[in-house]
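Letters are used for the chains, namely A, B, C, D, E and F, taken in the order the chains are written, and counting of residues starts over at 1 for each.
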Amino acid sequence: MSPDSVDGAPPASSDRPAALRILIVNPNTSAEMTADIATAAAHAAAPSTEVRCVSPDAGPQTIEGVTDETLAAAYTVELLAGERDGYDGYVIACYGDPAVTACRELLDAPVVGIAEASFHMACLVAHRWSVITLLPRLRSVLGDLILRNGLERRCASIRSVSTGVGVAGPEVLEALLEEARRAVRQDGGEAILLGCAGLGPIAEQMRESLDVPVLEGVACAVTLVEALAGCGLRTSKAGAFAAPLAKPFHGATPNLSLLYAGDR
Amino acid sequence: MSPDSVDGAPPASSDRPAALRILIVNPNTSAEMTADIATAAAHAAAPSTEVRCVSPDAGPQTIEGVTDETLAAAYTVELLAGERDGYDGYVIACYGDPAVTACRELLDAPVVGIAEASFHMACLVAHRWSVITLLPRLRSVLGDLILRNGLERRCASIRSVSTGVGVAGPEVLEALLEEARRAVRQDGGEAILLGCAGLGPIAEQMRESLDVPVLEGVACAVTLVEALAGCGLRTSKAGAFAAPLAKPFHGATPNLSLLYAGDR
Amino acid sequence: MSPDSVDGAPPASSDRPAALRILIVNPNTSAEMTADIATAAAHAAAPSTEVRCVSPDAGPQTIEGVTDETLAAAYTVELLAGERDGYDGYVIACYGDPAVTACRELLDAPVVGIAEASFHMACLVAHRWSVITLLPRLRSVLGDLILRNGLERRCASIRSVSTGVGVAGPEVLEALLEEARRAVRQDGGEAILLGCAGLGPIAEQMRESLDVPVLEGVACAVTLVEALAGCGLRTSKAGAFAAPLAKPFHGATPNLSLLYAGDR
Amino acid sequence: MSPDSVDGAPPASSDRPAALRILIVNPNTSAEMTADIATAAAHAAAPSTEVRCVSPDAGPQTIEGVTDETLAAAYTVELLAGERDGYDGYVIACYGDPAVTACRELLDAPVVGIAEASFHMACLVAHRWSVITLLPRLRSVLGDLILRNGLERRCASIRSVSTGVGVAGPEVLEALLEEARRAVRQDGGEAILLGCAGLGPIAEQMRESLDVPVLEGVACAVTLVEALAGCGLRTSKAGAFAAPLAKPFHGATPNLSLLYAGDR
Amino acid sequence: MSPDSVDGAPPASSDRPAALRILIVNPNTSAEMTADIATAAAHAAAPSTEVRCVSPDAGPQTIEGVTDETLAAAYTVELLAGERDGYDGYVIACYGDPAVTACRELLDAPVVGIAEASFHMACLVAHRWSVITLLPRLRSVLGDLILRNGLERRCASIRSVSTGVGVAGPEVLEALLEEARRAVRQDGGEAILLGCAGLGPIAEQMRESLDVPVLEGVACAVTLVEALAGCGLRTSKAGAFAAPLAKPFHGATPNLSLLYAGDR
Amino acid sequence: MSPDSVDGAPPASSDRPAALRILIVNPNTSAEMTADIATAAAHAAAPSTEVRCVSPDAGPQTIEGVTDETLAAAYTVELLAGERDGYDGYVIACYGDPAVTACRELLDAPVVGIAEASFHMACLVAHRWSVITLLPRLRSVLGDLILRNGLERRCASIRSVSTGVGVAGPEVLEALLEEARRAVRQDGGEAILLGCAGLGPIAEQMRESLDVPVLEGVACAVTLVEALAGCGLRTSKAGAFAAPLAKPFHGATPNLSLLYAGDR
């Protein structure tokens, strides 16, 4: 069978902008986690992509429940209300995707959460996949998130260890590996998703110890923003993500004042 | 709010290979459609990505139903059984994703179908999206495909015009636009997915006439293969996509003989 | 058939506290809407129930999208972090149930959102029901909320008029009635849920013009808090709604400082 | 943050009737269970509510399967066909909700089954909940009931002991507690629903031994009828629950004769 | 391609009993409908099958709602409790499948309802199918039934005319045809299911006027009982359909006395 | 209760053809399996039914994954394109239902896959059922197939042993029995479906060792084809299963040439 071959010539005709600028927000206030996220992003991004990684200067140091997330989401919105220009795409780097919907309203360039990014990428390499997260209480949060993304049938299981966010060390790695192996053997998980933005530093070690794909959300989100840019795609403003309406806002910060003045 | 900023330095540390090689298969035997697919791929791919576009030398000229698809899927498998090495990823360029599961068994590098690619990318820019395809009979095929991908709740509607695949012209564009507008206004579709591999040439015109994102599957699939490569991800072999078992195969072609000899 | 009758003697043995204290939060900053909510609550509550209705002193004047909701949710959490004692139950009076999950973590007494309250009550008087809300963009927000509550199959439709929150008048009533009638006739809605906290003042007029049950969320939520109290039920702390963990919080207000000190 | 407070004045303006009259039907013929149900109702009802508890004078002594339920449902309909006036609401007190749909057709005042009542109330205090019932064979009956109510995703598990209805004693309590603890620890149940009308007498003991909410259906249903009354809600007659059509009925009892004469 | 052919020799080795005996119950008391059902069964059954068609001597003359159905179900159980032997299979011939679950508990030989029979048969000849029934109020009953059978995604629509059961005539035929054509053209129904046991007499006329398969439930159920017998299949007693437990039954008829004595 | 009895007289009025002709295709090339399938069919079919059993002369000897299935499906289509006349119905005898949709397009007479046949028949004798198949990798294939059939809620579990297709012997029987017993005891399976076309020879032994119904797919499919014939039902051509469109086909075999010439 001699295939009918056509040589594409992408260098001549690629529609891509020469360099992409991506802004990543770590919604919590841990500088260490922000640095880890920046490193994970740098490894995954194309050489020509510029990545900037920021976090709000107020809010909880870690996000380990819905109260934390509710507060961090507001600080994230406040921060991004002041960064509405100058980027080709945005990443929200907390594995609960806080504020992602609000930021899609707020911004024109595409916004990708690291959890949803890992869900969609996992669907391309595994029939069903498992998430390993840090605290048992986060399992129901992630279950709701997967449901809202519409992918609950693709999720084999959500497992957790019992370590708080930001507490690392060899025994955490071992506990995560143990749950990952259970997910593969008992639940039918064919890929492992790391369910916390702070797990980038141990992703490589997990990959070496498991023989299934291991997905780290920051890498997934950054490369998906690049893919969206390659397709010329921006957030739809035709329905759920239409821009916020101008209105009185009591006690607004400067960023929010500008936003709610409808000033665009 | 002065954000706690960290400058990522991707040029220094990107893990990406210098250049990616992607093989795209058009499962039908229309040389014209193969050329159109190659063009769409070239526009979306990164400048450093090499894309080769092939099609089987036997099979139906267009794929307009499940019989066509069943036969074309087998020719696609036969073709790719002879191309198991030398590529960083594969794209199956027919908007029914024929043979994608088989090819995930067959190949180690990632395989992406253009329909599933558009579904997942659409989820990142729209709350719910609509597919516009060519023949009414394809609606149930696509409905099943979306269900199998687990994304039926994200799909606002599947609409069709009444034109066969490969029959283009201004009136087809107009008919597609009319259905797309109905999808947006009546069904709540916030993005439009072009439900045929051969619609690349009119994607730009549709974009100009609609104020919602328009997704063309070949572009989505090529950039998703790049994204998977950026994350170092390959198909999981731990379950659904384990390699085919060696076994007697009556009347095998050379490619299939090699495959079924378990020769790897 | 002479039924085997048993006369219960509730006055003698009722376990109910003599009087309930319920705190209602209007998450937006419209004093007019807060007053309307208080009125609706007073009509529905038992004579012995004390209802207090408050709103944050910062935030958007109306909640008409997810950005508004994300910000108002944080202000609601901040407000309730200072009201953790002294009430038998709490009502969040915005028809998107912002901050309800966070408040269930935060508080021990039961928390009920007015949207979920209307969904559950509607299930007891109608096989399927329809929500009528104010802005088309809120339809996808409510769709996600109903899904997260698990009741999407009980929802016949979500319809909207095109009026902003807080803009009332006879023509809004007429538009709402028109959509309600369509919901009954075309969608199979057997009850109508008023999809905004500010619609209490016209609920009675809608009831007079429609021959199906009309559910107003504030009334539903207040009476459900009374029902929960009658059963001695409080929020489960065994999983999703465990109390927030103590942790550093940059830039905390006094209420949040107390909360994150883990001081209980 | 000094909240913008509004003092509702419910004593002055409550729309509630001075006293509610609720009729509870125990669909089986066990006088002991009828008495237990009356006691549970009396504890939960408001002091001003009058509760009457009756049972048919024919039918199975316990309801432990669908044959039992099918027969008891008919006797329940026959009984309530003669009690169509004089009550503000009705409760069907068997944890399979037999005849609830028929009674919604039959009666104008609201009808609440004890199982559905517990499902809806549990959703307000727990993310997911578990039902503990008496016989393994009832698990599939309850699974179908939860599905029909649309709440299957909120149900963490349905567990059973192996004791027939009406057989109580310390070892039954211990067996129920053991299954309840498994539901919490292994299944993610955050509240326990007692899956039989006859378990009221041990509800308090279960509450003392478990640290999650325990829901007893009779209490839930009675307080929900009060809540519906507080909101002025009655069963919708616009669709599924329209009144039965007049027609010839062979061998009708006096109650059914009256009903089928269309005499209203 | 010369197929590798094997000639089965069924006449020599068929395991089928020489003749099957099937009992059909019409749960209502209309003798005319019982006769029509017997005719439909006779046309579909194999020549060697013996069919007996009966109805209870008490109950509503037609079944047009859930009250009717609840009462008729009990009479059906009472009737079949006296016919537990002598048949190879049973058919419940009312298109709401009343009492089918109870009868599966009661009887050892297979029991098939005419609605579920038509659902399953339709799945073999159509991707999605539509039910046309008589009264609008039956649509929600049938929707629940399809859901309970697990086939809601295979159902394209449930449509109704506005004619009571038992009222036939040319204008009813025309109204049914009009809804059937709408189901095919607008809803994607690829087969039409006649949603009432009394529509057998006009099935042939509908077939002649429509170019999609028309399924009449009595024929479907009778031939499915034959198919079950051909496979040697009887109702599983391992879970949901275990035999009723012996117990006191107040006011039992002779049939029920025998049943509840546990006498088998 | 003296039932109102009507004696149907089927021998006089049965519409059935005197004898049915059914063609069964074994999609793999194992002559031994073809013979086993023919035997299973002969036992289940009515004495008057003629069954012919064939297999393609090319393709994999067993079907143990999706690559095998994709190739075998094409050979099955090729074979049946030459057998479009002369049969009252067709059975595809591989427990993955390969090519069933294509064959419904291709043929006018009804087509039944042995897996779907067993799913539908099982629903008539069990509330939920379990499939026992041979290789772990087939579980996800069967899961997708059940989902596409719409019956995932009726499926209690899919279990597998670790034996390749075609490898029989006493230890395989024992392993299958062990998994079947686990399905009944642990998963709530009330019937066991044999998940491979080659298990007919041990079906009887499994039946003797289990006290739940055991369904063998070939028997189910053959008797369902008879049932469809008894009802006069053929595949709907109104949507998903419309005949393939005529078109150029490169490298067509004679059967496919005829098919794609649109020659009918």
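Assume a residue touches a chain if its C-beta (ideal position, glycine included) is under 8 Å from a C-beta of that chain, and two chains touch if they have at least 3 such contacts.
All values derive from a computational prediction rather than experimental measurement.
Shared contact partners of subunit B and subunit F are A, E. Between subunit B and subunit E, the least number of touching-chain steps is 1.
Per-chain CA centroids place subunit B at a distance of 44 Å from subunit C. Centre-to-centre separation between subunit C and subunit F, using Cα means, comes to 52 Å. Subunit A and subunit B have centres, each the mean of its CA atoms, that are 24 Å apart. Shared interface positions of subunit F, defined as residues touching 2 or more other chains, are 29, 57-58, 78, 127-128, 140, 147, 153, 188, 239-240. Across the whole structure, chains are in contact as follows: A-B, A-C, A-D, A-F, B-C, B-E, B-F, C-D, C-E, D-E, D-F, E-F. Residues 139-140, 147 of subunit E are the ones that touch subunit C when the two sit in their complex. Across the complex, subunit C is touched by residues 29, 57-62, 64-71, 73-75, 77-78, 99, 101-102, 105-106, 136-137, 140-141, 144, 147-148, 164, 239-240, 242, 244-245, 247-252, 256, 259-260 of subunit A.
Remark: subunit F residues 1-16, 24, 29, 31, 34-35, 37-39, 41-58, 78-79, 82, 110, 112, 116-117, 120-121, 123-128, 149-154, 184, 188, 190-191, 207, 211-213, 215-216, 219-220, 222-224, 226-228, 230-241, 253, 255 touch subunit E in the complex.
Within the complex, the subunit F residues that touch subunit D are 127-128, 153, 188.
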